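Just passing along the structure, written as structure tokens.
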């Protein structure tokens, strides 16, 4: 029920601008983007899809920031492990 | 899959896990509640508890809209489905929830026509395709799903579809969280906040949790790394003596939510004075019903549902599990009388229910399984 | 890491295991769609009603085919019914599904498929042209598999029943291999292989129903795998058992293995081949490809020492190009299927009760 999946907008339907065809890992479906009427939605945008509706546009900057944070933690962890490995306590 | 796979990286998980462990004060126990059923599902599906130190416990909350539907509302749905020429449409998760006389599948075996749909718009399509039937959509879900029902109602109104109605069981998340906070049985250190509900309501509504109850809350995404990062952020708040609302799921959740979604809900629905939640009892202003303007789409009015309050079976302890007071395996009937095949309560039926998640995924997720997987 | 189960929790877990081993009983008064899904409800129905009434040594293993010897000839006998909706879908139709499915059940029992029956239940009003298309496909499929449809039956029922066309088949084959294949030969250390990407048939049929408005370039994987099986048997002495992964998917088969052989099956999620579109459609629908039907894939349990050789043989065959070793058999915990997730955690992969995708086969 919480199920929301990210999908890429392929095209906005010409005759129904509240509908967009999205691609989820090669599978395409028409979804309703009427809830995003206060934003511009264009092909190439990514949206969160829930029961046939787009609930929100995925913010690429924020996604990038999230990844950078995770990578930094990863790096810090690796550094620590490396430091531990390199320092031997006799 | 983009925006999914990157958040399932095992190496980053180990790094996060180590960082979380380093923030633990020795000898201190930490209890965080994940409110959302979707989070419970992810935690068990990916074996996330293996990544947490022993002194952090995750308590499963009541944020599973299927789990909190009282049996009486299932009976009401079946009552509607039994009316002549009614075709009922429902999300798949609801099909096996037991009412007092069986679930939707059982009801179909006795002659009703209750069909699974993926979207409320599919119900509208069914209505257009079956002009001599009356199509009812059994609407459930938190504020995540209510906008979709609302948009469907607006479309039905615009197109003048007259063989369609909605049986509205939408509920709101804040009263449930408040009920948890006011519950004397629980001592929680913080919340892993609902993800997709927040895309609609935003993060402001949670401010009372930090301000009035002094508990940190981090709005979290649904991939394993999202949940681990959220736990990290909670631990950091505790360490730094902060209690704030933070948004880990910022790539999807806008701080101010979705104004269009909130507007269409407000246009078509209003709060009920009170509503029964399975296991939590009656909570005021916690559920939605159709506004008078949309009365002709209101299945509850059209079909005069019995509205009988059905008490949970005596053996059922779903209430305590939903509040996080009991772990699934602590329920007296868990795994014996109540199994996924023969569920007594909703926690075992819903794919997001804590009991179903534990039974299906988490059982044995400890020493024996780790031994088996490593050998 | 997380704490070992407390004494109390372990008591509960033990209690659950005892309950799971209890004799099956059907609690419902009426058949529901869950009983046809291939999961727990189906199993319970089979054990409590059919096995209970018909009990005999041939039926008890509940394998894909019954195997027996008549006057020295080692035979295999199987039956299947096909109620797929829609009747025509990308990659095939109910007809070739029926032929291939029956051929495959015989093949995984170690038999060379020889003769099939074909019984038709037709709905009043069903277009004859559609019936011809179906039957032509069956002829082509039978020729490709080297089998003969030797006898059949036709019934017609009133409009509103039989959803167009239902087909029942039976098949008989001869087992030339001297080995005794079966779940009882499976032992710890064995490797689990699958012959190709999973879930293609189920998702294709689901999308072909047109109710979901999902477009994908997916085609059913229906195919006769007797050639692949023959190659595998010829080259690999250590084949223990094979199964045709249909309704209920690979996860259901693995649970059957774990239960029948009283072992644990540990699967490496990353190793399971899943096509991108099947994955996308499954995420969209909230279903797990491990439980989605295939119609041209086998699961083979082989001696661990011969796993790589078996894989090479499968991959050399056109229908096994993407075969993979997906897991191992372990002694403990018995009766369970465990999944080592992509993420690095471990979880149980239990039987489903119902089926997210009804009427797939």
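Per-chain residue numbering starts at 1, and chain names A, B and C are given in the order in which the chains are listed.
One rule holds in what follows: a contact is a pair of C-beta atoms (placed from the backbone, for glycine too) under 8 Å apart; a residue touches a chain by one contact, two chains touch by 3 or more.
Given the structure is predicted, the values throughout are model-derived calculations rather than measurements.
Compared on C-beta pairs in contact, B-C and A-C come out with B-C as the pair having more.
Seen from the Cα centre of chain A, the chain whose own Cα centre is farthest off is C.
The distance from the centre of chain A to the centre of chain B, with each centre set as the mean of the Cα atoms, comes to 22 Å.
Computed from the mean C-alpha positions, the centre of chain B lies at a distance of 33 Å from the centre of chain C. Centre-to-centre, using mean CA coordinates, chain A is 35 Å away from chain C. Shared interface positions of chain C, defined as residues touching 2 or more other chains, are 212, 279-280, 283, 286.
Shared interface positions of chain A, i.e. residues touching 2 or more other chains, are given as 3, 5, 24-25. Under the contact definition stated at the top, the residues of chain B that touch 2 or more other chains are 1, 4, 14, 118, 122. Those residues of chain B lying in contact with chain C across their complex are 1, 4, 8, 10, 13-14, 44-54, 92, 95-96, 102, 105-106, 108-110, 117-118, 122, 224, 327, 329-330, 334-336, 339-342, 351, 359-373, 375.
Residues 1-6, 8, 24-25, 32, 34-38, 46, 48, 50-53, 55-56, 58-60, 62-63, 65-67, 69-71, 73-74, 76-78, 80 of chain A touch chain B in their complex.
For chain C in complex with chain B, the residues that touch the partner chain are 1-5, 8-9, 12-13, 15-16, 19, 27-28, 30-34, 40-41, 44, 211-212, 264, 266, 279-280, 283, 285-286, 330, 332-333, 336, 338, 340-348, 350, 352-354, 356. On the side of chain A, the complex with chain C involves touching residues 3, 5, 7, 23-30, 49. Listed in rising order, the residues of chain B touching chain A in the complex are 1-4, 6-7, 9, 11-12, 14-16, 18-19, 36-39, 41, 63-66, 91, 93, 118-122, 140-141, 144-145, 147-148, 151, 194-196, 199-200, 222, 225, 229, 232, 248, 250-254, 258-261, 264, 350, 352.
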